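Shared chain: subunit A. Partners: subunit B in the first complex, subunit C in the second.
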Partner chain A sequence: MIKSLDPRVTRAEIEIENPIAPLNELDQWETYEVFHQKKRGDQHMHVGIVHAPNAEMAFLFGKEQYGRRGFSVNIWVVKTRDVFASEYDDSDIFDTVPEKQYREAGGYKVMEKINKYKKGV
Partner chain B sequence: MNQNSTEAIKELLYKMADDLLIIGHRNSEWTGLGPILEEDISFSSMAQDKIGQAQAIYQLLHDLGEQEPDTVAFTRNANQFHNSQLVELPNGEYDFSLVRHFLYDHADQLRFEALANSSYEPLAKVARKVKGELKYHVFHANTWLVKLGSANEESHSRMQTAFNDAWNYALGMFEKSAFEDQLIAEGIFEGEDILQEKWLANITPYLIKAGIEIPASSNWKPVFGGRIGQHTAELSPLVEEMSEVFRYDPTAEW
Partner chain C sequence: MYGNAYIDPNDKAAAMLAGEDPQKLDAFEKRIAAGEKIEPKDWMPREYRKQLIRMIEQHAHSEIIGALPEGTWITRAPGFRRKLALMAKVQDEVGHAQLLYSAAETLGKSREAMINDLITGKSKYSNVFNYPAFTWADACIIAWLIDAGAIINQVANAKGSYGPYCRALDRICTEESFHLKYGHDNVVTLATGTQKQREMVQGALTRWWPPIMHFFGPSDKISNHTEILMRWKVKMASNDDMRQQFLNMYVPKIWDLGLVLPDPNLKKNDAGIWEYTEPDWEEFKKVINGGGPCNAERLAVRRNAEERGRWVREALNTSESKYIVPLA
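What follows is the complex of A and B.
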């Protein structure tokens, strides 16, 4: 039996030779992605993952894991397998984005007028 | 508030705070040993909430002239505790801990809910403050009870067995105090009878969903005595372990 400074461990009467069989793959609960919202109207932000057998339980765990410190008003949980994610191999689809400054508001000609107005001309 | 009602209030506060401290300690014994990481963290966090609620009530007792919260919590002997025997029973397997959590937290939530309107304002204030915590605790308990009660044969029979073991102890939570009539008359607390009635109404729908049967009321044998310091042999070692560090050096600053 394992004798520990922690009385709870000693009480558990754990054999020293204690072969723990690894879990089968299907014995693992699936994962849920957790999103929390700091205040009403804010975007929900992705904060992490929990293992859970269903959505309610994922919420319970998400609340404690990610919502017990700081402010939270709302939590979303989504099954990880329901998230459609792009492949990292395809990340070249974003390659030319930095060149397209004409798509950014900062590139508009009207900015000159706005800057002039701000300067009080 | 006359001298007489102060005694009545103290009795009420002691039993509440002692219930919270002892169940908080018991539940914290799962820390690091819980069934899975996420649940371990959740159960431990709720155990901390319980200790925090206990401390708030020991503080009210201190305001009424009792000793400091730490002194009250850590220097009494088992027979000076007013907790119900339900909360001192060993954790057993996780099924028993969950069933106890379910039975206790429903009662705790209703007790605080009633006290939010108490004529004793300091307690009403604490009751309003812990409302959200209790709502989460009860939601956690309901979710597990229904999930395990209806998952498979083994989980269902374990939950039913744990429930049968806990039931008469749970009824013992509603042991009346000597000041019962006075507390009711002065609008301090609605009384244990009404509380038990509400509790039964609240837990029943979840038990039905979980497929767990309540024993026939003719077989109910509430285990009383905890409120007047009569405890099982389990409480003394718990108190000793809980207060070991404090007693090592009572004057230490934390």
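What follows is the complex of A and C.
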């Protein structure tokens, strides 16, 4: 039995030789991705993960892990396996974006046309 | 591919790159050189993954075991406010472990596997936590100076290349600033207090100085192996550099309080380098391999906690749970 400097450890009556069976797969449950909103009006942002057996516990752990210093007003938790994510290997799917100038305000140069028209009148 | 090349078993640098696709390796190294982060599902060299898992996992274990010597004093911290503050600090440290286990998990080692390696003694954790906190003053010295050392290490690593580790460290460093202030406040209170309080804090400092000097580890041998780890931004600073940084920042603050460090050779030389008596690395090796005053207790306490909590975790588990590696 451990006689510890820590009275809590002594009270717990722990054998110094106490081999245990290894933790099994899923002993620590699956993971949830945690999102929080810093203040009303902001977007929710991903802050990290927690391990939890269900959404309610994930919420509790998420609040404790990421929201205990008053930096959050709202929290979402989502099972990791329910997130459908793109692969970094496929990031070329975003490659053609810069060519699509017709989507951008800067892609429209009306002043040139107006000035040309004014000169012509 | 280097696949069939003969690899000299003594050439660690060649061995660590053996079999890697040179094109992918090149793209990977260019990304890091450009200051971009590596994310979990990116291609990475085997050795990069292996070293990061080892490092982040040990870091996580250190946080969770580090909560034990400090926790010793929660019930007896002088005054309600200090009990609350110490509890909050210890909770932070356990939270750091969770953040770091999560970062390591993204590299493919499950949290169960990491905990199993901790409680069987297969994985290491920071050597300092194998020493006992004899008095309240020991807990104060830990909170100030061990956390100070940890911050130097964590700030350096936060600039590393692996995204999830950097993000966890940023979060951790924010909380550490409270630990440092809290620890300093406690030490200053004792050092500026009664004769008895000064003796207490001096005693604790004298006890903790050797483990503190061990904290950053022995001088690194500069090998090709460490050079590659530095190029990959896995290792961000040499052990000696971090130790110098620590001495430079904290020895003057310790001397300011009129406290004495138990090393007659400790001084800053004309070149601005701190000189000190070489720490006893044999003692360090002995303790890290299980021969310290608290190693057995620390692991027995962890095993006990895992075992007594097991039925709760099992009761809550549902058959439809399915593990997949977290995203980030």
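By our rule, the second predicted complex is superposed on the first by the 84 of 121 C-alpha atoms of A that agree within 3 Å, B and C clash if a C-alpha of one lies under 4 Å from a C-alpha of the other, contacts with A are read in each partner's own complex, and residues count from 1 in each chain.
Heads up, the rule we're going with is that a residue touches a chain if its C-beta (ideal position, glycine included) is under 8 Å from a C-beta of that chain, and two chains touch if they have at least 3 such contacts.
No experiment lies behind these values; they were computed from the predicted model shown.
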First, second, both or neither for A:115, with subunit B first and subunit C second: neither
Partner chain(s) touched by A:89 [first = subunit B, second = subunit C, both, neither]: second
Greater subunit A contact set [subunit C / subunit B]: C
First (subunit B), second (subunit C), both or neither touched by A:15: second
Contacts of A:65 with subunit B and subunit C, given as first, second, both or neither: both
Touched partner set for A:74, first subunit B, second subunit C, both or neither: neither
Subunit B versus subunit C as contact partner of A:7, first or second or both or neither: both
Contacts of A:30 with subunit B and subunit C, given as first, second, both or neither: second
Partner chain(s) touched by A:53 [first = subunit B, second = subunit C, both, neither]: both
Subunit B and subunit C footprints on subunit A, overlapping residues: 7-9, 12, 29, 50-51, 53-54, 57, 64-65, 68
Subunit A partner contacts - residues on subunit B that touch it in the complex: 29, 33, 36-39, 41-42, 45, 136, 139-140, 143-144, 147, 241
Residue ranges of subunit A in contact with subunit B within the complex: 7-9, 12, 29, 50-54, 56-57, 60-61, 63-65, 68
Contact footprint of subunit C on subunit A as seen in their complex: 2, 4-9, 12, 14-20, 22-31, 33, 46, 48-51, 53-54, 57, 64-65, 68-69, 80-81, 83, 85, 87-89
Residue ranges of subunit C touching subunit A (in the complex, touch as defined): 39, 41-43, 68, 71-72, 74-76, 91, 95, 98-99, 102, 105, 110-112, 115-116, 119-120, 132-134, 167-168, 171, 175, 296-297, 300-301, 303-304, 306-307, 310, 313-314, 316-318, 321-328
